[in-house]
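The next part holds the structures, each set out as structure tokens.
One chain, chain A, links the two complexes that follow: it is found with chain B in the first and with chain C in the second.
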Partner chain A sequence: MAVTDQKDERVKEISRFRQSLIRPELGGIVGNIAVFTFFLLFAFDSGMFAAQGVMNWGIVSAQFMIIAVGACLLMIAGEFDLSVGSMIGFAGMMIAVFGVVLAWPMWIAIIITFALCLAIGALNGYIVIRTGLPSFIVTLAFLFILRGFTIYIPQTLESKTIIGGIRDAAEGDWLAPIFGGKIGQPIFQWLGDAGIIGVFERGNRMGEPVVDGIPMMMVWAVILIVFGHILLTKTRFGNWIFAAGGDAESARNSGVPVNMVKVSMFMFTAFCATIFAICQVMEFGSAGADRGLLKEFEAIIAVVIGGALLTGGYGSVLGAALGALIFGVVQQGLFFAGVESSLFRVFLGLILLGAVILNTYIRRVITGER
Partner chain B sequence: MTEPLIQMKNIEKHFGSVIALAGVSVDVTPGECHCLLGDNGAGKSTFIKTMSGVHQPTSGEILFEGKPMNFADPRDAMAAGIATVHQHLAMIPLMSVARNFFMGNEPVKKIAGINFLDAKKADEVTMAEMKKMGINLRGPDQAVGTLSGGERQTVAIARAVHFGAKVLILDEPTSALGVRQTSNVLATIDKVRKQGVAVVFITHNVRHAMAVGDRFTVLNRGKTLGTALKGEITPEELQDLMAGGQELATLEGSLGGTV
Partner chain C sequence: MKSTIKTLALAASVAAAPFVTATTASADGHGDLTYVLVSHAPDSDTWWNTIKNGIALAGEQVGVNVEYRNPPTGDIADMARIIEQATASAPDGIITTLADYDVLQGPISAAVDQGIDVIIMNTGTPEQAREVGALMYVGQPEYDAGFAAGQRAAGEGVTKFLCVNHAIQQPTVGERCRGYADGLGIELGDAMMDSGTDPAEIKNKVLAYLSANPDVDGILTLGPVSADPTIAALQENGMAGDIHFGTFDLGEEIVNGIKDGTIIWGIDQQPFLQAYMPVVILANWDRYGVLPGNNINSGPGFVTADGLAKVEEFAGEFR
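Moving on to the complex of A and B:
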């Protein structure tokens, strides 16, 4: 064989500009530009881009981001989790049951809830790898099982489906503020005093800034995105996630512990759902049996908008975060723009379709799929 | 002749009532390409899976570097230096060449006590190894899906050799390739052999076997039909042995020796 050093004449040179565009996150970036342009044009005066407005859609986006990170890594590892929404409801209800009904200290309730949900995540994964059934079916079963328990348990214990009093129960607890608190209050107070963000002008909170801190929901979103991104792209475990989803058999042949990777990703998804749930119950002060409904689909849509492949082996955590941002901005933005809220779905459908078509094209260019 | 690196003696493998291997003996020496020929169902795959630790033999003995060996699973065999390049390649098309190259053996560097992927090292090693094998990549981040079938085989072989394979088992590496890609892969086999690696080349294509093989063993219905040295046997004889003797011989006339 002639060892040639010249370039293959059949490989077209790709311009640097084009190459910099060709990345999995492109669909999410373009979608965000489109969405922000739209709302800057049509809802600029509505207060959507004032501090309070930003906080409004920011927190909704952060919620989507938390579950999207888990769904993204799991999807790249080649599996789905349809039980995310039910897990959110279940985890929140467990906090209420342990912390309010049984009146255990909140930190114990939180730790036990985490342990329980991670165990259920592991069970999901274990059943999938043991039986070889599609995770779609296994986790669909858990969607019903967990939702059923989430309704049954409070019904039996308290004869109601919403349990309140969580905020009182969490009062003075050392662990609860990590999920329900806010950070950066002094900075926001200073911003308010300096007139950069608005302050309440009357009422008992007069003089306080309208936004008095960053909720932990947002902090968790950032932590999980950074963690997920580094894990996926900068560690050997990340390489195993790609490999497990790309072709489990090949990965096994190369010595990748595929089963361990998949089970741990199911557990990570459950972890994200639990964080979501605990932040939510701390914020609302109550746990409801209908919390988290349809969240699994919203997470999956955010991940797909973000450039991940439904069949696994390809995707980006940053892309998923951008997809979640689109979701949050559109959902809250239409309200600001005074558009009929049912159009949210139309708009979302169009964004989903557009982003996925763009992503499919990009992926073909990168990976040589035909 | 040098000492055999791996010796498989009277290997039998039964799956329930099915006897897949009924006493097969093969040995391979360093720097040699031992071709294992056989038709579909002859037991080639079972045999190499036994050699690479996927199956445990029902009876028989495996000597590796003169010592009896019992591989509990493929990782054991891999750790000992037996690498298999499978029919389905163990390459992931969606992943970059560098990520594929180091899949399962990723280089790490410690930053603040945490192990991070050493992407720079992975990229450099991949580019260097690919250049050695005569493949020019656009970059280490090029996806394997954009490579041709022959190039993928070469990446897989280069990877196995880089990670210290002493015995390289190639499971029908040329069966799905075009003429030019096949010759590239055969050239790669030749390079690897010259580095002192013992190559076990499974094929049912006699011409591919003759091109690089030093010795030839034919399997038929779970049995060895003998081992021949290069030059001792003609392609036609090999072909006949693979087909079990008669059937193909009678066909040959009507096909005009084209098979």
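Moving on to the complex of A and C:
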């Protein structure tokens, strides 16, 4: 994707305007404009664009973004991870097991969970590399294995499938607020006092603003997007990712450490899933065996809406983030618009189809393929 | 590009169509009160159809707008987001299940503190409903219902049982098995089976368990999802009508099972009441300020072969 300034007679000349317009994210940008226009027209006075409503679809989008960044980089590197959803459930449960059942300090629980999940991600990658099996099958196996453990472990230890009390266990911990905290409370308190956003009318939080800060889930989403984007577009490693997914054999022949790239991308996907899980259990205070169901597909859908190619070698982190935003806005926006909720999947299918058609067209223009 | 834009325009108009009909339907001569029911059930759980019909009927009879929302995969964390979403859209009341107290108490009390009235239905306990500041609890206390079923089964001669649990990830449903075991006065042990939700899988697991444990003389299923395949399994191995078979909840197959003697009784928690009553109660509370003084137990009610007519007529719709 690197663009050089030097003239080269072998490179076809493209106007600057066309060049800036034709990019993998275009589909995501067009989609977002369409989706926001739709909801501004149909759900404007439903509270969707008040502070609380924005926070609602914002955080749902941020959730999708966190897992989409990992899935995007992995997909560009030419592999899938279907175990993301199960990994979310598993990581959350490990936090609960270490932090609540075994009552270890929360920071140790968090670090061990990260280590464990990254190791499983590496194992995923290692098996794919060593056996040459499609990652689709290998990670499908881990989808079941991890979900199975997520149900079995708490059932055996506590004879229940939801373990609560994580919030209390994380009280006063130095590491936990990085995942479960909020930032910018004074600003929101001021906004609440100034009457710009609503305040609680009764109960023991009376007078506090209904939106009292930016959750760390959103901060993590931004960090991961910026990191992923820079890694992919500005570094040599980013070029390796494209090369590994485009044509692994020729990449290998030109000296790209394809195996290392792929394994590290599996680990990064696991890392993103673990971030998601820890933010979630810190916010909600309990880990459940049903957490993260089908999230792997939601991540892949966001990435595909964002313009990445299922076969690898092509895509953009910003596009994936925009895809995640579309996904989150549509999912919550349909509730605001009062649409029968069983139609959600119909909308999702239509958006996916529309995005893929648009993206295929854009990609043909970029790559010149017919 | 042109054809793409056309496709998108078409998609947008198709997408807008159901929305337009939805608004006109709800604006149709109804009052200005809006209540949202949030459940924890995934789309695949057909049992909740009764709930949808219940609130729709109540909304029509009382003259208020009602909406039903659920997390498509049944993920409770997603459900919390839906409750937050419902709160942000400022309805007059929220009716919700309390499937995981840790996760949902925050969003629910935030709704209560913003002046939205909340009624807890179906899942949860009266104590938890009081904790989050809800007006009341409408439902069937799960452990008590299981205990009552166990006592009854003990009287009917059950000594060793199998509990087919299709919702192992939901602790409240498992309480039914625990209550049943305690009601029978025997250890739960490994009698609770994690059956999954796939009908063929459930059927084969039940068949395998029964042939491996021939001394089992009682089966408890926790809803149509596990009951329907279990009926098929018993018909296949010839134990239908011979083994003591009780189930939670009703459905078309379960009613047929009760009629032909495969199932001794079905425990009806009367979901219709769990959906219908909260709408009526909230509407009267908002309009006239009147509120019943206690929680409402919608069940358990044992449905046997006697008095099946009404149940049969409305199975899957209102029963």
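Structure notes:
We adopt the following convention: the second predicted complex is superposed on the first by the 349 of 370 C-alpha atoms of A that agree within 3 Å, B and C clash if a C-alpha of one lies under 4 Å from a C-alpha of the other, contacts with A are read in each partner's own complex, and residues count from 1 in each chain.
Simple rule for what comes next: a contact is a pair of C-beta atoms (placed from the backbone, for glycine too) under 8 Å apart; a residue touches a chain by one contact, two chains touch by 3 or more.
None of the values given here were measured: they were computed from a predicted structure.
When both complexes are overlaid on chain A, the residue A:284 reaches chain C alone and has no touch with chain B. Once the two structures are superposed, chain B and chain C can be ranked by residues of chain A touched, with C on top. Of the two partner chains, chain B is the only one touched by A:255; chain C is not.
In the superposition on chain A, A:239 makes contact with chain B only, not with chain C. Of the two partner chains placed around the shared chain by superposition, chain C is the only one that A:167 touches, whereas chain B remains out of contact. By the touch criterion stated above, A:191 is placed in contact with neither chain B nor chain C. In the superposition on chain A, A:358 contacts chain C only, with no contact to chain B. Chain A has no residue lying at the interface with chain B in one structure and with chain C in the other. Of all residues in chain A, only 30, 34, 38, 42, 46-48, 50, 52-53, 55-57, 59-60, 151, 155, 160-162, 164-167, 198, 200-206, 210, 280, 284-286, 288-294, 332, 335-347, 350-351, 353-354, 357-358, 361 touch chain C in the complex they form.
Residues of chain A that touch chain B in their complex: 1-5, 7-8, 11, 233-236, 238-240, 242-243, 246-247, 249-251, 253-256, 309, 313-314, 366-369.
Of all the residues in chain C, the ones that touch chain A in their complex are 1, 4, 7-8, 11-12, 14-16, 18-19, 22-23, 26, 43, 67-70, 72-77, 80-82, 84-90, 100-103, 106, 109-110, 112-115, 133, 168-171, 174, 194. Residue ranges of chain B in contact with chain A, taken from their complex: 74-75, 78, 84, 86, 88-95, 99, 102-106, 108, 115-117, 119, 134, 136, 138, 143, 145-147, 183-184, 187-188.
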